[in-house]
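Next come two complexes built around subunit A: one with subunit B, the other with subunit C.
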Partner chain A sequence: MGFKLDFLLSILPRLIGAAAVNIRLAAIIMLLALALGTALTIVRAQKIALVNAFIAVIISFVRGTPLLIQIFIAYYVLPAIGLDLSPEVAGISAIAFNSMVFVSESMRGGLATIDTGQIEASTALGLPPHAIWLKVVLPQLFRRIVPVLINEATIVVKGTALLSVITVVDVLRTAQQIASSSYRPFETMVGSALVFLVINLVISLSGRLAESRFAAARV
Partner chain B sequence: MSAAPVLRVSNLTKRFHGVTALDQVYLDVHAGEIVALIGPSGCGKSTLLRCLTWLEQPDDGFIEVAGKPLGRELMPGGVVRRQSRRQIDALRPQVGIVFQQFQLWPHMTALENVVRPQIVVLGRPRAEATRRGTELLTRLGLADRIDRHPHALSGGQKQRVAIARALAMDPALMLFDEPTSALDPELVGEVLAVLRSLAGIGMTMLVVTHEIGFAASLADRIAFMDHGRILEEGPARDIMAAPKEPRLKSFLDLVRTDRRIARTTANPTE
Partner chain C sequence: MHFDPAVLVDYWPLLLQGAWLTLQVAAMALVIGYVAGIAVALIALMPGWLPRLVTGCYVEILRNIPFIIILFVVYYGLPFWGIRLPATLVGTVALALFASAYYAEIVRAAILALPRGQFESARAIGMSPMSAMWHVVAPQILRTLVPPSTNMTLTMMKESSVLSSITVPELTYQSLVVQGNTFAPFEVFAAVASIYWLIAALIAEVSRRLERRVGAVQAEATSRNRIADRYLSLVARRS
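== the complex of A and B ==
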């Protein structure tokens, strides 16, 4: 059973259609991860020992266990404690939670590179803490971690494929459905890989564009 | 009322892990006065400035800015009350500080550096803040630099933006931490001119420096600090010509010798 290009081309429209699901989920996840990751970073920067110890436990759990297991926990275990989430919501929650940790970790790294003198100057001018975060720290921090965020975005896009195992009909699950009805796994898997590759290339390129812009402003 | 000092520091004491950085410091700075604070490094000059902006919390003593207590106040009945961050923040614009490394915000243009704190802290409308910022930057000779980011400015220009940023808050008092140390030696004259122009508009200033010549040519009064204490203070001329305190004498001798050495090394033919 050889590779048939025309079969690949014939299934591409269906796969691209399904890609809308992955893109939508990835966009929601990234927005959530950014918002939650920022909030988590600010909480950790308060240096409350007990809170940070608790966060450290969560971080080591997220970093030390496979994303697939985290997705399973959100979908199969959470209902046991009364949180019965739809496949999409469970998937978004699991990946966003995972990504939040990585966003926060890279923000924490970036935070160390911001001169504390700037924060002191802001304090001396009378800026309240929230204004220092919003006007001084975060704008610089986001610009600095653009490369990391782009990388994280591609990981999130790939992560959405895992949601096929909890019945989200995404690119991979669509491909599997086509494969099992046509008995042509080769073209369908190549097709779905191509779809992910194209999405991530677009993300990488736009990331590089943003980076060169910020580099031009040298901040 | 005119006798009330713009800055009154009384009995200010600060310890770091048992080491006394400020030891019962008393200092008054009156309106329109320029006071230079000199002393060997590690004597507590910078700690004093940091306490005056409440970046460092003194362990004891009081600070009054334009008649209002900063950070901590004595209530009737002898009770000392600590102010909230909000109360302190409300007073902070009264004390402008220009740091040694200027500490501009690198992601904003020179003008935005001056405009943003006026909007955020004083609640000025953007148009008014922009007008004030442009006016100050122009007065400091930066009219053609207002749209540049800090990385595209020279050290001296950055310092002037930092000065404009502090002045825009309409402070009662300006603090300068080693204004000449981060700049090339040939710019010292320029800094002197800028600070003198501020004196010309009646600005009250406290300048920390270890450049004796700079202090002597700028200040009305000089205060000499060592081991966290102000050991001697007086009119600049008297301090330079006839120091009483032995430690001040030896400090001045040492600095003057250093400068002679520096000069002869720079120009061996001299």
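== the complex of A and C ==
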């Protein structure tokens, strides 16, 4: 029983078709994570002791427990408290929540690199807080964390493969279906590995391109 | 819906067994993965383009594929070549393989961050490459190695939950067993998440002691001025 390359090639179209699901979910998750992560960062910057203490516990929880467990919590526990979500929505919520925390944590690092003089100048000019956030802080912050966000995007894409365990029909679940009908699990898994490899390499490379664009725009 | 921890009373031994296996698997993968990572890093630093290309492919392939897929490739690949191992061992090997790519990059970056003269002077006074690495380079990079290695070890320990999908009876697997028996998802996952949380805290504590020992430098965010801190800092100023 040798490695059947032609079998691998014959199932690639089905795997690539299923990759559309992973890419779509990852895109939704990244948008949510970016929006929620930014909001969380602004809330944390208000430095309300009780709120920040609560957020610190959430962050520690998200960073201290496996993503898979967080996905199970969204899938099994949320329905038990009356939130009946479809597998896709449960999965999106879990990964987006996880990613939100990582986005906010990298924003915390990014904020420390912004020139303090700009905030002093904006305050002296009497800019209202929302203008300081929207016009001064956030545009620079987003540019600075582009490399981190690209990296987070590849992590999110990898995370979507875990949704196969809560019955989302993604690349991995499609591969498992193919494997159980063809009895060729090894070729099938190598095929899905290739699909993820290509998606993430494309993200990393286009990220590097975007970075050099931003670096040029900064000068 | 009410929270009733009593439903777990018969299942604590099962969860603790799972937690113990998670710890063992992660510890084994840490040792194997780190040794492999050091080897990959040393190969990457050899002269010529070929070693860098080969190790670069190794690292990029392992870092861009979801761990669950790496796990299945190893799980189905080993029998394909006639190697039959128990699932726990297969899972440990896959986890070590996955972690080795990240450890390799950590070690390589730490060595590259050291002034090149250190290694070259050691060679110039007649030390062999191995002994220059061991006696001159290694002691100096230990402190830069600890913080990122801790992060990676935490990530790897958390990824070990994926081993449940090839029936390794670690913590996540046991939690699904208990969930199937009790139908009490809230209690089960609250308990399991807490156990993972504890393991993570344990790893962080071990690392903190190690850091104090090797004198690792942790970047501490310092507040700069009262006005800027309103926007640029997320921690309240202590006054």
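General observations
In this text, the second predicted complex is superposed on the first by the 218 of 219 C-alpha atoms of A that agree within 3 Å, B and C clash if a C-alpha of one lies under 4 Å from a C-alpha of the other, contacts with A are read in each partner's own complex, and residues count from 1 in each chain.
Operating definition for what follows: a residue touches a chain if its C-beta (ideal position, glycine included) is under 8 Å from a C-beta of that chain, and two chains touch if they have at least 3 such contacts.
Since the structure is predicted, the reported quantities are computational estimates derived from the model, not experimental observations.
In the superposed model, A:Thr123 lies in contact with both subunit B and subunit C. Of the two partner chains placed by the overlay, neither subunit B nor subunit C lies in contact with A:Leu85.
After overlaying the two complexes on the shared chain, residue contacts for A:Lys135 are found with subunit B alone; subunit C is out of touch.
For subunit A, the partner that touches more of its residues is C, with subunit B and subunit C as the two candidates.
By the touch criterion stated above, A:Leu12 is placed in contact with neither subunit B nor subunit C.
Once the two complexes are overlaid on the shared chain, A:Val146 sits clear of subunit B and of subunit C alike. Contacts of subunit A with subunit B, set against its contacts with subunit C after fitting on chain A, overlap at residues 120, 123. Taken in their complex, subunit A has these residues touching subunit C: 1, 3, 41, 44-45, 47, 49, 52, 60-61, 63-69, 72-73, 76-77, 80-82, 108, 111-112, 114, 116, 119-120, 123, 132-133, 137, 154, 157-159, 161-162, 164-165, 172, 175, 179, 185-186, 189-190, 192-193, 196-197, 200-201, 204.
Across the complex, subunit A is touched by residues 1, 60-61, 64-70, 72-73, 76-77, 80, 154, 158-162, 164-165, 172, 175-176, 179, 185-186, 189, 192-193, 196-197, 200-201, 221, 224-225, 227-228, 230-236 of subunit C. Touching subunit A in their complex are the following residues of subunit B: 53, 55, 85-86, 89-93, 95, 97, 99, 101, 103-107, 116-117, 120-121, 149, 151, 162, 165-166, 169. Subunit A contributes residues 115, 117-118, 120-129, 131, 135-136, 139-140, 143, 217-219 to its touches with subunit B in the complex.
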